[in-house]
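What follows is subunit A paired twice: with subunit B in the first complex and subunit C in the second.
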Partner chain A sequence: MLELKNVSKRVGAETHIENVSLRLEKGSLNVLLGPTLSGKTSLMRLMAGLDAPTAGDILIDGESVVGVPVRRRNVAMVYQQFINYPSLTVYENIASPLRIAGVPAAEIERKVREAAELLRLTPYLARTPLNLSGGQQQRTALARAVVKGASLVLLDEPLANLDYKLREELRAELPKIFAATGAIFVYATTEPSEALLLGGHTAALSKGRVTQFGPTIEVFSRPVDLLTAMTFSDPPLNSLSVRKAGGNLVLGEGVHVPVPGAATGLADGDYTIGFRPHHLYLDRPGPAAVELRVPVAVTEISGSESFVHVDFAAERWVALAHGVRNLEVDERVPVYLDPDRFFVFDTAGRLVAAPPAM
Partner chain B sequence: MSDVTSTIAVPTRRARASVAGNSRGSARFAPLIPATYILFLMLPIYWLVNMSFKTNEEIQSRFTLWPENFTFRNYEVIFTDPSWYNGYINSIIYVALNTGISVAVALPAAYAFSRYRFLGDKHLFFWLLTNRMAPPAVFALPFFQLYSAFGLIDTHIAVALAHCLFNVPLAVWILEGFMSGVPKEIDETAYIDGYSFPRFFVKIFMPLIASGIGVACFFCFMFSWVELLIARTLTTTAAKPISAIMTRTVSASGMDWGVLAAAGVLTIIPGALVIWFVRNYIAKGFALGRV
Partner chain C sequence: MEKTWNNKAWFMVLPVLLLVAFSAVIPLMTVVNYSVQDTFGNNEFFWAGTEWFSELLGSDRFYDALWRNLAFSLIILAIEVPLGIVIALSMPKTGWGVPLCLVTMALPLLIPWNVVGTIWQIFGRSDIGLLGRALTDLGIDYNYTRDPFAAWATVIVMDVWHWTSLVVLLCYAGLVSIPEAYYQAARIDGASRWAVFRYLQLPKMHRVLLIAVLLRFMDSFMIYTEPFVVTGGGPGNSTTFLSIDLVKMAIGQFDLGPAAAMSIVYFLIVLLLSWVFYTVMTNYGEGER
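Right after this comes the complex of A and B.
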């Protein structure tokens, strides 16, 4: 079990990690989710022991490991860049942690073959890493992490630099590969969809703080605050400051919508609502939906989906719609809101009402 | 207006042809420029080789483009007379010592400059280079005093150590450039894999900067090989370098021109050999690895 207790990391005047506490269980899959510069890599480096925290304590199985040099820890780490030893062959690259550990040659041979088979590197064992494609290089780095049999496996956006198809494949395989070893598995990513696909637990990071840690689905469906909801939504969550007055939410410009069921018990006052892009509809979803007429700012078409950016009040919202929607800029189009899909946050950004799970 | 622009943008066939014709005309003479340059560069070297195969009588009496009485006597003198060939041996010993010491000392220093931030690192790094700015004559007197005090005068190690003054900073600069080209994550991956620092450095890191080490060795070799003043100041007989021996060829029988020329030729050869080995990396070395 890996435990971080009120860990902070400051470099000069900059705060990279601010008062983070986490408990990662043995054999668990944990996702660190956050945008770039949110502190994912800094946190991983602290877990690995590459950096020491400026405050707080890091415990493995109840014993503090702060100050234990990284080479005495049983850790494996894979970087976003493809990091291998360029002067060694793929075989020697994979064998390297075993050679250092003094594993007998026959067992090295067996383990390297096994890992190479698992990551489909067998035909390339005699080559040097720089003569391989990016995907093969990253698989070499992953194979090295596999053979080590470390109790803590840290993967820092390992698939970010790979092409789409390979990413899909490896993302499905990776948790299986490491789950068998019973290690604590930590996976950093910027993509909410990747976190959902991996499952397990997710720690949402924002500006060096862990805003929420829990089962991935729970963090997704009940984010504790606006920051977490923003982090765990791609494209970002649409938001708007509103005022609750009686049975209505005032959206500004005299637009009133009925208060969503989950929020009826709230006191009148100022709130922030948030809703996901696929809950901003271009077609009327049902009779309860509220219609707004808004100008189009940009339309992005990905083929099966269209991202329509629209302006409302001072906010820029994104609507995610199926199919190709070819809309002119500045064209005023009807969009529909379903109040039952609103997340409601108080002025401090804490969640006060969430839509029912669907 | 549009006509004008199109004329400027797309030259007519005739205009293009004449431009091409001009450049073809000058292209005919273009090889002459480097050829002349190389001729001027090679002339003194040719003359040195030429003289080394002549007799003293021929050198002093006539102007001949090639040796008329071809002789190996000058080389024979050098290879048989210990006062000559010991000069080469001395030079090679202290140059090799210096190259070894400089690179061995510069490797960890360059690693520190490349990988760690510490108080005043940039100033210290620049200060290293300023050691190369003072002429060696400045250091000759203090060195003589200090080395005398420690009884090191006329030893190979004295010259080797003295040359570290300007070779260590140079090697640090070159190696730092090459090392900074290696991602820091490789170091970290090695530590995570369980490598100790020395093992990582020798097994993983040094092969990655092998060309940098080669270039650093070459520069150390070159500067130590050609340096005369400090080498001569710190030696008397036992460790006297070849360049110092060449400056005192005036004997009772007058100047021995032929032997001097042969000594000159033999002095060029080691440098040429070393250049051959690092020829592919030399440009990168001059850019201090930052290519």
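Right after this comes the complex of A and C.
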């Protein structure tokens, strides 16, 4: 078990990691989710022992490892860049951690063959990394991590430099590859969908802080605050400051909507509502939906989906709709809100009401 | 589409042809012209055929200078390349030390060659030179004008002082192009300092090292100015390298025909050895990009 207790990391005047506490269980899959510069890599460097925290403690199985050099820890790491020894063959690359550890030759042979089979590298064992495709290079790096049999495997956006198809393929394989090893598995990503596909536990990061840590689905469906909800939504959650008055929410511009069921017990006053882009509908979803007429700012069409950016009050919202929606800029279109899909946050940004699971 | 044929494109390459002709082909052809004729001045030429070539290739004087020159090149390569790598490895990668080191390293390269020669000629003198005087006072019999070994040592040390910087700068450029993540990955692997050098830094420096070795080989094989200034090719003929011998023959003895023949053979040797070096080194490092 890897435990971080109130860990902070400052470099000069900059704070990279601020008071992070995490408990990662043996054999678990943990996703570090956050935008660029949110501290994912800094946190991994601390976990690996490449950096020492300026405050707090890091424990492995209850024993502090702060100050234990990297080479004495049992850690494997895979990076966004495809990092292999350029002059060595794939076989020798995979064997390198074992050679350093002084494993007998026969066992090296067996383990390398096994890992190559697992990562489908067997036909390429005699090549050097630069004569491989990006996907194969990253598979080589992953194979090196696998054979090491590390108790902590850190994957820092390992699929970010791969094209779409390879990414899908490798992402599906990754949890299986490492599941058998019983290692603590940490995966950093900027993409909410990747966290959901991987499952396990997710730590949402924002500006060096862990805003929430829990089972991935739970963090997704009940984010503790607006920041977490924003991190865990792509495109980001649409939000709006509202006032609750009796049975209505006042949205501004004279629009009133009924208070969602989960929020009926809340006191009157100011709140922030948030809803996901696919809950801002372009077609009426049901009789309870509220219609707004808003001007279109931008339309991005990805083929099977369209992202329609619209303006309401001072906010820019994104509506995610199926199919191709070719809308003119400044055209006023009807959009529909379903109050039952609202997350409601108080003025401090804490979640006070969440939509029912669906 | 109809293809139209004309030769106008040749006019476009004409300027380059002229330039190359004046800078390389015509001088070379003049040398070829001298090498097959005999002259006593007054623009009177007599056909000599391959006489000068057979004379040259049959003379001990030429082979002595050639072996001397090869030995010199190999010695300075054996010193400057490893030394350059070691210095480049120990240079800082960030901070105020970087410009300081780079400028210090570049200084010897900025000094004109004859000045380098003069500096070392005075530096090594046992009566007034700092180095020569210090060595003499230490009881070491050091006199580069009398002792061939001292003359060789002086010329080699001078070349190392003058040119190691070039190897350092090239290697340093190769080193700083390695992303930090590679070192981090090596640390996590638990790789030793030697393993990092052998499997990470050396393969990444391979290309620039190839250029460094080629440049240093060609330059040292054609060395003239510095030993000419320091030792004048002596004592005896002990530091008479090919170029010094060539100049002695052409200017000193005014044997234009034999000197021209020697120039051509010399040129072909440099070309051949450079080609061999290049082929061997590129094949050796195949895949180590």
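We take it that the second predicted complex is superposed on the first by the 358 of 358 C-alpha atoms of A that agree within 3 Å, B and C clash if a C-alpha of one lies under 4 Å from a C-alpha of the other, contacts with A are read in each partner's own complex, and residues count from 1 in each chain.
FYI, a contact is a pair of C-beta atoms (placed from the backbone, for glycine too) under 8 Å apart; a residue touches a chain by one contact, two chains touch by 3 or more.
The structure presented is a predicted model; accordingly, all values stated were derived computationally and were not measured.
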Judging by the criteria at the top, classify the pair subunit B and subunit C on subunit A as clash or fit.
-> clash
With the two structures laid over each other on chain A, which partner does A:Phe307 touch: subunit B (first), subunit C (second), both, or neither?
-> neither
Pick one for A:Val75: touches subunit B only (first), subunit C only (second), both, or neither.
-> both
Report for A:Leu130: first if it touches subunit B alone, second if subunit C alone, otherwise both or neither.
-> second
Common interface residues of subunit A - those touching subunit B in one complex and subunit C in the other = 48, 50, 70-71, 75-77, 79, 81, 83, 85-88, 96-97, 100-101, 144, 148
Show which residues of subunit A lie in contact with subunit C when the two form their complex.
-> 45, 48, 50, 70-71, 75-77, 79, 81, 83, 85-88, 96-97, 100-101, 128, 130-131, 144, 148
Given the complex with subunit A, which residues does subunit C contribute to the contact?
-> 179, 181-182, 184-185, 187-192, 195, 199-200, 202-204, 206, 287-289
Of all residues in subunit B, which touch subunit A in the complex?
-> 183, 185-186, 188-196, 199, 204, 207-208
Contact residues on subunit A for subunit B in the complex?
-> 48, 50, 69-71, 75-77, 79, 81, 83-88, 96-97, 100-101, 141, 144, 148
